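Next, two complexes with chain A in common: one pairs it with chain B, the other with chain C.
== the complex of A and B ==
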């Protein structure tokens, strides 16, 4: 065997894309159907991005929450191994419990134990309503988590009943909350947000001091202009800062 | 955002147009389409968000000035502003070229060290010419190179950020490839290009990143703040002799652990110097492309075919055992070219100059038990002078025997002598 034949793949950091999906009763019908369809269709794109990306391997994790919350798999999976099981809608909106559950897995003893290390994860929260549990204390726990602080956080508000204040608290800025008014827009924006978040680590940046979240927001915004039925909050961004991470 | 559709016709500056055939791919800045230009298939890069006027003018100037060398997939024609944006036309990438990232992910592999050295030489030469034209590339990273794994031929793409040295394209570059001073907020220039070039060359030779060792892998979550440290203010070369905190990790950085001790010492010395604290902090001291070319030429001079296993190996001043089969290689016969020493073993190709065309092939006449030199040049006839003073012409395709004392003029300026001295 020559030295060149022995070449192995360069180590890649893992970037985990979290889908946090509201499966409360109000999501029943076409909304949950669109979410299921969008995620199934975005998985092959993530697989392709991962296969061509020498910087990062993309893995996927999904947490659904209604009265309780439930991980679709007990660990993050490469996109090509992630077989989507359609989620069903029922009962309440325990976003607070979901925040606590997410916080428990955002650790090296939880989901973030890749041997070559990780990049900050991307977390996409989808909801059409308002929490029915103690969201504040759940979010307070999550906000202590350094992985969460560093994460790219984007929320998709499905329809006008979604509590955008809650989603803004979750993402840290209302700029990262995208509202959709129809099923097509929902599907498109799931695709755009997932693909953009997965690509961001391997792109050349145009400015030194924007965070990855800001880059994702900027790209998603420019894409949203083209999607009928999707809109972005117009108020200025909050001054979210991750300087205290280290 | 302005996407185009099949059969859309896009007009070009200076007349003419291209017709969209289909999308080939999309990246951060835009979409690449297959287009028809006067019956020929070409590629159109179309910006999703049109960059500013300055960028447009610069692109137009680059097109008018032409490519610095044939290594570049250079913009050939600029489109007029239309459909809310603009783009430029370039040649298509041939199918047998793979993105450098594919080599890093071990999906494409160099067929030989000969090909690997060709790739390194072509990349260095490309950037030497680019800088000689007064440009800086600004965004040198693993996504910019397409390489033919068989021959090592290289095409450098994404040439739209190329700017006159000192001017700002607005692009900062890609993390892991950006020079420390750019990571710290500086503007990319030809000096930062040279840093990125040294990273690319290191990854080409060793297939791991020069700054990613134990210290970096121990960081659980690579945030922007940590990127600024590990690739900027606190960058440590993995084989920094004075700081062992970032050594490569067994099981993770396998390629560099395997290759570092085996590839020639001169390569180790060069990278150890180029990634020393001093060079990381002093952009103007970094090695210029011309010296990279010399280094690669030196490596080429030392690359021989092992007569035992027929594999490639590097001869070092103090080492003439094959890196594959471990057997000792007879290197008695050499060609001296000024200060250079080229070792003559059967099957080895010799490169007299810095282009990527082998000039000499060493063959064996089994019946006479003698090595021969074959003239691979398409047009240059060599003049050989025998030890007794006879002059012989060796035309392209012809061969001459390897005998100590024969002097060969390969061209006007390059004269060598075959020796069997130690």
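== the complex of A and C ==
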């Protein structure tokens, strides 16, 4: 009888990457098409990171919100099993409701397992507008959630109409809000943010007392410098900045 | 009810895989002692952040101070204090019995004094100065920050207490595991309460009772152990397997197995430092069939869940509920369920062989 025989399971730790995607009417057309295309392309990269990572398995969950909220799957799926279903854009921007829905799943009765054996999740919010519902109340609920407090939170503002103050409130810092002005930049930033968050979020050790969110921000910032049409939201708008979605 | 009388203690620790890679010392410490008057076990886990650069010394000092305080406690507290008491838990915010408040206060003060004495004898190295130079006593204490779990059993009572994360798991007389000490919700993911907190005394939580309520075994493990197993059931299973070892292979062989297994567990699991300590009594020796039955029971529950999933998936395929992509995923799920069921079957067979 050995202590570590096959009777004893040692599962890999889990890191869940959440996509929270605005599918309101203003996202219709090339924006939502770019989001669909970018996520489909990034999934194999996440699968690779997960397969090569001895520390953790990466799982993916996606919440779309317009007038209502909808999870693409009823549970987080391993990256290699997550088949992206293209989302369609229409109607309003119920970000407050999305926050409450996210809070309900950031729990052991929802999508999360025991805190032991889990890494804090990474949450990527994509939006091109302003909430049309009671965002403050939704965010207040979410901010009480321990998983949310510990999460890596990054927002992608799609175009200048995105309410960056709202996105800053969501991430907790304007440095974690990245603005994109065209389709190529949107696709590239989704890839960079998803890959970087997964790489850093699923590692056991952090560099000193720097938080994982700070590490993600630093890496994405340096990548943004090389993406035309993308910028850190807090930076002054460049004169060359413009929205080009067609 | 027969209460075990021959009580044994053990402890074991190892440097984590990630600490080996970065040449960091093992920041966990463990201690156990068996005397004619009592049996005790202690683990302490030094914090890993850069500001806690003396937490390896902090965890050792805390274990030593706790052992000393518990020894005095066992000698000084009248047996009637806990004798005949029911199993009682005291969580965060609950009123702590005065005698325990005094014990925990002595541990906190004793550790702070030990830290300042150590600091006085060991001036900062250049590396430590580059990290942070403590400006006052509290900042010094922070550099030694660590958690604590301890248990003691005497002929008349038992007691277990904790500050911070890590888990204490006990075994009932029927072999079923449970966590006897209430949890502190401030401990979440990599955040933990600590003996170095200014309000450390208010973060102690504990459980105790007369000897007739004593668990067969009490195991203490640092968060490096918990994080390797994820769900509590997997962690409980590890300790059940450990108890099976004590029951079947004996004390020496099982402690040796534990010492050899912890580095492997760190490599395959959390990569963190690991410490395990505990006490168990002679009822453990006759517990083997119950422990095997507990392990078998959880596998059978898993088998039922898989069978239900399989049936549901087949039903949906037959009634054409899926589009092409979903159907492909459903067949993948069925293949995975089948493989998992075969694996579970093998493990159940192995447990049956252990029973026979």
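The rule is simple: the second predicted complex is superposed on the first by the 213 of 246 C-alpha atoms of A that agree within 3 Å, B and C clash if a C-alpha of one lies under 4 Å from a C-alpha of the other, contacts with A are read in each partner's own complex, and residues count from 1 in each chain.
Everything that follows uses one rule, which is that a residue touches a chain if its C-beta (ideal position, glycine included) is under 8 Å from a C-beta of that chain, and two chains touch if they have at least 3 such contacts.
Keep in mind it's a predicted model, so treat the numbers as computed, not measured.
Touch criterion met: A:199 reaches chain B, while chain C stays clear of it. Contacts of A:150 after superposition: both chain B and chain C are touched. Contacts of A:52 after superposition: chain B is touched, whereas chain C is not reached.
Once chain A of one complex is fitted onto chain A of the other, the partner contacts of A:8 extend to both chain B and chain C.
Which of chain B and chain C touches more residues of chain A is settled by the count: it is B.
In the superposition on chain A, A:83 makes contact with chain C only, while chain B stays out of contact range.
When the two complexes are overlaid on their common chain A, residue A:115 makes contact with chain B and with chain C alike. The interface of chain A with chain B overlaps its interface with chain C at residues 1-11, 13, 55, 115-120, 146, 150, 204-205, 208-209.
Touching chain A in their complex are the following residues of chain C: 18, 22, 49-51, 167, 185, 188-191, 223, 226-232, 234-235, 237-238, 241-242, 244-245, 248-249, 254, 257-258, 261, 264-265, 268-272, 295, 325-326, 329, 332, 346-347, 350-351, 354. Here chain A touches chain B in the complex through residues 1-13, 52-55, 108, 112, 115-120, 146-147, 150, 199, 201-209, 211-212, 219, 222-223, 225-226, 242-243, 245-246, going by the rule given at the top. Those residues of chain B that touch chain A in the shared complex are 1, 27-28, 48-49, 99, 101, 104-106, 109-113, 116, 139, 141-143, 170-176, 182-183, 185, 203, 207-209, 212, 216-226, 251-255, 258-259, 262, 311-312, 323-324.
Contact residues of chain A toward chain C in the complex are 1-11, 13-14, 55, 81, 83, 85, 113-120, 146, 150, 204-205, 208-209.
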